[in-house]
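Presented sequentially are two complexes of chain A, the first with chain B as partner and the second with chain C.
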Partner chain A sequence: MSYAIETHDLQYHAGKTFELGPLGLRVPTGSIYGFLGPNGSGKTTTIRLSLGLLRPDRGSVRVVGHDVPRQTHQMFARVGYVPERPHLYPTLSVAEALAFHGAFHPRWDATAARELLDTFGLARDTRVGHLSKGETGKLLMLLAIAQRPDLLVLDEPTDGLDPVVRRDVLMALIDYVSETGATVFISSHLVHELERICDWIGVMDRGRLVAEVPMHSFKNGIKRLRVRNAPAQTGDPPFVLLARERGDGASGTELWVVRGWQPTMRQYFEGIGAVLQDVIDLDLEEGFVELLRTARVPQGS
Partner chain B sequence: MFEEIDPRNPVPLYDQIAARIRLAVASGDLGEGDALPSVRQLAARLRINPATVVQAYRALEREGFVEMRQGSGTYVRGVSSDRRRQTREDQAARLVRGVLTEAARLGIPGTEVARALQREMGTRAP
Partner chain C sequence: MFGAICRVQWKGSAAAVALLAAAAFIVPLLAVQQAGFTAGDFRTWDLVVMLSAVESAGALFPILAIILGLTLSVGAWSADHQADHVYALTLPIPRWHYVLLRFGAGLVLILPVMLAVGLGCAVAVGSIDVPEGLRAYGSSITLRFGLAALVSYAATFALAAGTKRTAATVFGIVLALIAIAMLLDSLGVSANLLDVVANAMFRRPGPFEVLAGPWMLIGV
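Let's turn to the complex of A and B:
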C-alpha cells in the first residue's frame, strides 16, 4: 500500500505541558481518512507538522512522496489545504483572491473555480473580509479544489457552518474525489459526517494516535454486551474486555464493552455460566467515546 | 429511493445501497435496461465515499442484477420473476427477524408478535 501521508517517530512539544507523539501516521493513497480526537488532542498540530508549518523535535514526514520540510515546495504544489483559521487577505475581492491563489498553483483550474463560484452562489466582487462564515467556508474549499490537488488536507472544514452550507461543501468535495480519486485527510468534530464519507479512521488522544483502522473494522469491532450472572473471574475471554459495569436493569446484569467481537464468541458465556442477553451495535460516535473512555481508565477499575 | 440509507446503522453503507436497488428491481420499480445513477452523482447526492457506491454496484453485478458498462454506466439486467419473488421473500424474512429481535429485547414473546401481525393484516389493505 502507498501512503499520501506517512510519519515516522514524529515528536513535538510546546511549552512544558503539550507533548505529541511519537506518532506513526499512515494515510493510504486514495482513502478518505477521518481524523478524530477531543479538543487539544493534537489534531491540528499533527496537520501543521505534516505540512511543514511546524518543525518537529524529531522524526520524519513524507507527504505525496515528498520529504517534509526539505521538499515542502514541491509537496504544496500537489496538496490543497483548508486550515482551521482562514488565511485570506480581507481586502481582496473574491475574484482577486482566486487570481492570487491561482498564481501559486501550477495546476490551477480556472474553469472549475468559475463553476464552483456559481454552485456556491458566491459573488466575484464581494470583499473577502465581508463574507459570512458560511461563504468563507465555501471559498476555502473552492480554493483547495481548484488547484487540482492529489491530497486534500481539511482541518475542520465544515465545523461551525450551517447544514445547508455543509452539504454544498461536502458535495463539491465528493464530486472532486469521484472525478480524480484524490486522497482526503479530514479532521472534524462532526462525527456523523465523517461516518458517511470516510473509509479510514484515525483517533488521537493526548498527543497520541490510539487507533488507525479501516472504518468498517472500527465499527464492527467494538460492541456493548448485556450479560447476566457473570462471575467475578472471567477466565480468558476470546475478545478484549475494555470495560465491565453494572447494568441499569435487573440486578446481576452487567454491560461489557468489548473489542474484537465475533458472533461465534457467544459460546464463551455458556462456558463461564453466564447469559449473553444482547449484543448492542455502536455507531462511530459511541465507538469513539467508548474507545477514549476505556483507553484512559485502566481495565477492571 | 435512497432516503432511508443510514450511516449509523451497523449494516455497511454499500450493503444498504445494494439492498435498496435489489428490492427496486424485485418490486418492479427498476426494469431491464434502466440506468442507475452514476457513481459520481450518487456519491455526491448521498454525501458518501464514491468507493462505497462502486462497492455496492460491484456486489449487484456479481449477483447478476446489474451490468457495469465501461465508460457508459450501470444498467439493470433482466431478472426472472422467480428470482424477484425470492428477493422479496428474503427481504420479508429479514424484516420479520428484525421485529422479533427487537421484541425479544423488549420482553415480548414471539407468539404475541405473530398475533399482532395477524391483527394488523386484518385491518390494513395488503
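Let's turn to the complex of A and C:
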C-alpha cells in the first residue's frame, strides 16, 4: 500500500504544556481519511508539521512522495490546503484571489474555478475581507480544488458553517474525489460528518494517535453489550473491555463497551456464568467517545 | 507570478504611493520657489541665502525616500503577517523566490514616485532661468532619490520580513546604544558613541550615506 502522507516518529513540543507524538501517521493513497480528535488534541499541529509549516523536534514526514520540509514547495504543487483559519489577502476581490492563486499553481484549472464560482454563488467583485464565514469557506475549498491536487488537506473546513454551506462544500469535495481519485485528509471534531464520507479514520487525543483503522473495522469492532449476572472478575475476555457500567433499571444488568467484538465470542459469557442479552451497534460518535475514554484511562488501573 | 505579486502589492499600497508621488512632484517646485528663483530679478540675489533655501527644501527628498521605503516594505508584508504567512508558505515556490518576488514588486512601486521627482525637477527647473555660474541637477536628484528609496526600502524590507523577535532585537540594540551613550555621558566619559555609530552608518562608505548630505536641485 502506498501512502499520501507518512510520518515516522514525529515529535514536537509547544511550550511546557503540549507535547505531540511520537507519531506514526499513514494516510493511504486514494483514501478519504478522517482525522478525528477533541479540540486541542493536536490535529492542527499534526497537519502543520506534515505540511512543513512547523519544524518537528524529531522524526520525518513524506507527503505525496516528497520529503518535508526539504521539498515543501514541490509538494505544494500537488497538495491543496484549506487551513483552519482563513489566510487569503483581504484586500483582493474574489476574482483577483483566483487569478493570484492560479498564477502560482501549475495545474490550475480556470474552467473548474469558474464553474465552482457559479456553483457556490460567489460574487467576483466582493472583497475577500468582506466575505461571510460561509463564503470564505467556499472560496478556500474552491481554490484548493481548482489547483487539481493529488492530495487535499482540509483542517476543519466546515467548522462554523451552516448546514447548507457545509453540504455544498462537502458535495464539491466528493465530486472532485470521484472524478480524480485524489486522497483527502480531513480533520474535524464533527464526527457524524466524517462518518458519511470517510473510509479511514485516525483518532488523536492529547498529542497521541490512539487509533488508525479503516472506517468499517472501527464501526463494526466497537459494540455495547447488555450483560446479566456478570461476575466481578471477568477473567481474560477475547475482546478489549473498554468500559463496564451498571445498566438502567433491571437488576444485575450491566452495559459493557467492547472493542474487537466478533459474534463467535458469545460463548465467553457462558463460560463466566453470565447472560449476553443484547449486542448494540455504536455509531462513529459513540465509538469515538468510548475510544477516547479508554485512551485516557491511566496505565494499570 | 511577478505580475500577480505586483498587482497585490499595488492594491495594498496604491493610495500611499499616489500621495507620495504627489509630494515628490511638489518638493522640487517648492525648492525653487522658496529660493526665490521665480522672481526673475537675479541682480539682487544673495546666492548664499538662495542656495541655503534650496538645501533646506532638498532635505525633504531623503525624508520622502525613507517614508516611501517604509511604506512599501510594510505594505509588502502586512497581509502575510496578518495570516501568519500561511498562504505564502503554502505556495508551490521556494521561500527565497517568494521573498525576491515581494522585494521586486516593491522596487517597481518605487518607480512612479521616482518618475514624479524627475517630472517635478524638470518642471521646476524649466520654470526658471538658472543664474550664470549655477547648474540644475534634476537628473542627479532623481537618480539619487531612487537610490535612497531603494536603500531605505531594502533595510526596512529586511526588518519587516523578519519575526517580531528580529525586530525586537534590532530595536533593543538601538535602545541599548542610546542607554550606554547616556550613561557614559553622565559619567563624564566623552566616547561619543552615538556619533561613531551615526558616522559609520551615514558617512562614506556607510550603507545610508546616500541619504545624508545636501540635496541641491540647483547648485554650483
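Criterion: the second predicted complex is superposed on the first by the 297 of 301 C-alpha atoms of A that agree within 3 Å, B and C clash if a C-alpha of one lies under 4 Å from a C-alpha of the other, contacts with A are read in each partner's own complex, and residues count from 1 in each chain.
Keep this in mind: contacts are C-beta pairs under 8 Å (C-beta built on N, C-alpha and C of every residue); 3 or more make two chains touch, one makes a residue touch a chain.
Nothing here was measured: the structure is a model prediction, and the numbers come from that model.
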Touched partner set for A:Phe104, first chain B, second chain C, both or neither: second
Touched partner set for A:Glu195, first chain B, second chain C, both or neither: first
First (chain B), second (chain C), both or neither touched by A:Tyr81: second
Contacts of A:Ile32 with chain B and chain C, given as first, second, both or neither: first
Touched partner set for A:Asp281, first chain B, second chain C, both or neither: first
Chain B versus chain C as contact partner of A:Pro22, first or second or both or neither: neither
Chain B versus chain C as contact partner of A:Arg167, first or second or both or neither: first
Which of chain B and chain C A:Pro149 touches, first, second, both or neither: neither
Overlap of chain C and chain B interfaces on chain A (superposed complexes): none
Touching residues on chain A, where the partner in the complex is chain C: 51-53, 72-77, 81, 83, 85-92, 96, 99-100, 103-106
Complex contacts: residues of chain B adjacent to chain A: 7-8, 10, 12-13, 39-40, 43-52, 105
Residue ranges of chain A touching chain B (in the complex, touch as defined): 30, 32, 167, 170-171, 174-175, 177-179, 192-193, 195-199, 216, 219-220, 278, 281, 283-284
Residue ranges of chain C in contact with chain A within the complex: 1, 3-4, 7-8, 11-12, 79, 82-84, 86-87, 89-95, 97
